[in-house]
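In what comes next, chain A is part of two complexes: it sits with chain B in the first one and with chain C in the second one.
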Partner chain A sequence: MYLIVVSVNIGIFILLALSLNIITGYAGQAALGHAAFFGIGAYTSAIMTSNYGFSFWISLPVAFMVSGIVGIGLGLISIRMKDDFLAITTIGVNFVIVALFQYSSFFGASLGMTVKKPMFFGMRMNTSGYLILITIIIIITCYFIHKMNKSWFGLALSSIRNDEMVASSLGIDVNKYKILAFSLGTAIAGIAGAVYAHHMTFIYSSDFAFTVSIGILSMVVIGGIGTIRGPILGAILLGAAPELFRFFADYRMIVYGGLLVLMMRFQPQGIFGNDSFITRNFIQAYKNIFKKKVGDIIE
Partner chain B sequence: MLLQQLVNGIMIGSVYALTAMGATLIYGILRILDIANAAAYAVGAYLGWYIYTLTNNLFLAFFLAMILTGLIGVLVEKYIYLPIISKPNVITIVPLITSVGLFTLTGDLLRLIAGPNVKSLGVKLRIGVLQIGNLRINPEWIFIIILTALLFSILWFILNKTKLGLAWRATASDSEIAQAMGVNINVSMALSYILGYGFAASAGIMVGLLYNSIYPTMGDIPSYKMLAIIVLGGLGNPVGTVLAGLLIGLSETLVAAYIGSIMPRDVIAFLVLIIVLLVKPSGLISKKNA
Partner chain C sequence: MNEVLRIEGLKMYFGGLKAIDGLDISLYREETLGVIGPNGAGKTTLFNVICGVLKPTEGKIFLNGEEVQGKSSFEMARKGVARTFQISKPLRDISILDNVVASLGINEYTGFKSLFKKSHSKETVDKAMMILRRTGLEDFKDKKAGEVSLGYLRRLEIARALAINPLLIMLDEPCAGLSNFAINEVIELIMQLKEEGKTIVLIEHNLPISMKVCDRIVVLNYGQKIAEGTPKEIQSNQEVIEAYLGEDDDFA
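Here is the complex of A and B:
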């Protein structure tokens, strides 16, 4: 039971890491306020189901839409501001949105919001139900991102990441694709938020604070930015880390901080990123085995 | 009343400017958003407290802590940041995450070494309260204002009147050309970190003195507020940082006094930041016309 709860949480973080990866990994835009959109999704669905009596299943796509629409606003900001200015502005957006949740009585203010677990064909959703739900969403997202990478949209994004000037001189509508990347990434974070709110049954403004954004970003970068496997494995590693390090709880944050520093110092492309130590050896080993098999066939 | 609020705002703003100055100096040369500067702030406060309890001499504690933290900064620069940024194709987020890791690590290290409880400096300043009409300024504030002015003058002197400062400014405007002209950019980088961490340490001790409390998480709020200030000031521009610090100090105080607590005090800095950047995306003083 406990294991399933942890797995659902890790699943939510996988979804968040994947969605941030669209903005930061593929489009190369600094986004340090991703937790705000996680929060927008969570509060949207919580308000819809608790205050207005809508079903969870309707609130899920609405959370997707609302986060995405606010994300378009962030995309518009990203056209005007570049690089580090954008990075700090996204931090600012995170703080302002969390303050809104905390101080506005519409969002439960400092009392937070309680949410009822949704019904599914007459049965109340239990924890394994959430695990199945989040797994399905993750698989759809992965499939979608995989398709996106192969498409014109994905190519346009990577050209923007590599050199914005060159991309626009080649006739790519840089602004349009940036806004699309932002709205898509934030919309997926919104879905993660909706699932989170109904899984935890209680949300509070500090669940979506700046430190959470940094945590999501660390997952993406440590796993390997700009890949699909990277954010997934990074989220599993960092999501499971607090549970694994439980036996020396007092030193947990030191180990966490130290790992971040060491990782960035020696493997800035992430553990499972392109051209990282593990990936390189894995590909080499794969090639060796493959060659052997080819040799066997020839013999 | 308004005068008192304005003076309060300017005083808080000058402490903000001092806190953010370190991060500005580091950004000016290395282009790193160094959140770990807030760790130097806490480390400096602890060192100051430790030396003060040993020697009972406030000035010695102040300057020794500044120098020691500055030296730690050089080590951090040489063994952690420099190898990271000198790798090819490093995305800008990598040094930022490094500094977040460093900040987390240091905060917890302080908790383990010095304990989680609040330490009090317990300094009694023998300067009277300054009272002009209704305006009232506490002795701690007088001390802080004098020291801040002194530190900023020293900084101005180093950057504008010495050869070292000339090299620093040359590196800040274009490190490659500066190097081609025979400037040792490694010295400029080291100077950035000595001054940067030293300034952060001085701000830490001052705030510790002001509220008479030093604790492991005292760097948390400055860590992001100083990011807002350095960006508002045009990133890497010392004059812009002072202006931005004063602007944020004033707007926080005035909003708290006249509009009330519609939002947490720390969010005002970011609201000001977003509004200013939307109008002027390169900060108050941008690099080109500095």
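Here is the complex of A and C:
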């Protein structure tokens, strides 16, 4: 049971890391306030189900849309600001939204919000149900990102990440694509939030604080930015770590920070990124095995 | 002759600095126009204005008879204005092949819809390979653009411009910083483009190159046109010689 609860949490982190990776990894935009959109999804779904009696299955796509629409706002900001300034602004957005949750009575203010577990074919959804749900959402997201990487959309984001001036000289409407990347990434974070709210059955503003944003970013960077496997493995690694090293939990942020610095110095591609030590050796090993087999066949 | 580009009374001021100050230029189909002038004459600014990177303070630009000044950079690209950059700007962390494929997609970047259209279709990759062969980059197709030397990056710039299949190719100092050998290769490439009937604008500091490649040359100084004519006429123009020798004797 405990294991399944941890797995669902890690699943939510995976979804968050994958969604942030669209903005930061593929489109190359600084985003240090991702937890805000996680929160927007969570509160949207919580308010819809608890205050207005909607079903979870309706609030899920609505959370997706509301986060995405607020994400468009962030995209509009990214047109005006770049790099460090954008990073600072996104931090600010995170604080403003958390403050809204904390002080507005509409969002339960400092009491937080209690959320009901949803019904599924007449049965109350249990923890395994969440695990299945989050796994399905992750698989769909991965498929979607995989598809994106092979499309003109993905190529447009790559161009923008490298050089906006060049991108526009290739006929890419840079502003439009930035907004799209932000709204896609934030919308997926919204789904993660909705699942989180109903899984935890209680949400509070500090669940979506700036430190959570940093945690998500650490997962992406440590795993391997700009790949699909990177954020997934990063989220598993950093998501499982506090459970394994519970006695160390108070110092988690120090460890994250330290890891980030070490990664930037020695493996800027991330542990599992393209060109990283592990990936290189893995591919080499795979090639060696394959060669051997071919050799055997020839002999 | 068919007029591809016409610039009328173009002015581009940066605060008090008059980078371009009342410029009129015409460019005809299949012509190669050289733009020369000392440092700070406004050559690259002119390119940036034509490409939509900068909005002109005043004046009009016509592309194939259509008024286009103030249009944004991606719109100009879609209208068929391709450019290279003075300082090579490859898409560094993707392969040379992907760089060219990205340029081939000029009409595919439709926004959300483009998510559902595969970029590396066989047809597109074949087209990209053809361009890479022409520009001599075939062997490097899988290398990341950030990993090859400057000579190849210059060719990549031209390859990218070609992939757009442009109405007008604007080359901003394609030979700057190259060895003599690499310069000859780039010149050969430009000559090939000329033979194919492409319309080209070339900024080049190296006068012998401009003289060799261009049909007509415009000389800028302090944002104004001080001379215009065939390479021969320009060579013997006293004002041009003074502008160059008076400004900086590196060009002698």
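Following the convention adopted for this analysis, the second predicted complex is superposed on the first by the 285 of 299 C-alpha atoms of A that agree within 3 Å, B and C clash if a C-alpha of one lies under 4 Å from a C-alpha of the other, contacts with A are read in each partner's own complex, and residues count from 1 in each chain.
Here is the rule we go by: a residue touches a chain if its C-beta (ideal position, glycine included) is under 8 Å from a C-beta of that chain, and two chains touch if they have at least 3 such contacts.
This structure is a prediction, so every number in the text was calculated from the model and none was measured.
Novice: Tell me which partner touches more residues of chain A in the superposed arrangement, chain B or chain C.
Specialist: Result: the larger residue contact count on chain A belongs to B.
Novice: Name the contact category of A:169: first (chain B only), second (chain C only), both, or neither.
Specialist: second
Novice: A:268 contacts which: chain B (first), chain C (second), both, neither?
Specialist: The first partner, chain B, only.
Novice: Where does A:77 make contact in the superposed view: on chain B (first), on chain C (second), on both, or on neither?
Specialist: first
Novice: Could you say whether A:281 touches chain B, chain C, both of them, or neither, answering first, second, both or neither?
Specialist: So A:281 meets neither chain B nor chain C here.
Novice: When the two structures are overlaid on chain A, which partner does A:256 contact: first (chain B), second (chain C), both, or neither?
Specialist: first
Novice: Between chain B (first) and chain C (second), which does A:154 come into contact with in this model arrangement: first, second, both, or neither?
Specialist: The second partner, chain C, only.
Novice: Regarding the shared-chain residue A:177, is it in contact with chain B (first), chain C (second), both, or neither?
Specialist: In the superposed model, A:177 contacts chain C only, not chain B.
Novice: Looking at A:88, would you say it contacts chain B, chain C, both, or neither? Reply first, second, both or neither.
Specialist: first
Novice: List the residues on chain A that touch chain B in their complex, please.
Specialist: On the chain A side, the touching residues are 24, 28, 30, 32, 77, 80-85, 87-89, 91-93, 95-96, 99, 102-103, 210, 214, 217-218, 221, 225, 250-251, 253-254, 256-261, 263-265, 268.
Novice: Quick one: which bits of chain B touch chain A in the complex? Just the residue numbers, please.
Specialist: 27, 31, 33, 80, 83-84, 87, 90-98, 100-109, 112, 224, 227-228, 231, 235, 262-264, 266-267, 270-271, 273-274, 277-278, 281-283
Novice: Considering the complex alone, what residue numbers of chain C touch chain A?
Specialist: Contact set of chain C toward chain A: 51-53, 72-74, 77-78, 82-83, 85, 89-94, 98, 101-103, 105-112, 114-120, 160, 164.
Novice: What part of chain A is in contact with chain C in the complex they form?
Specialist: Those in contact with chain C are residues 147-148, 150-156, 158-159, 161-163, 165-174, 176-177, 180.
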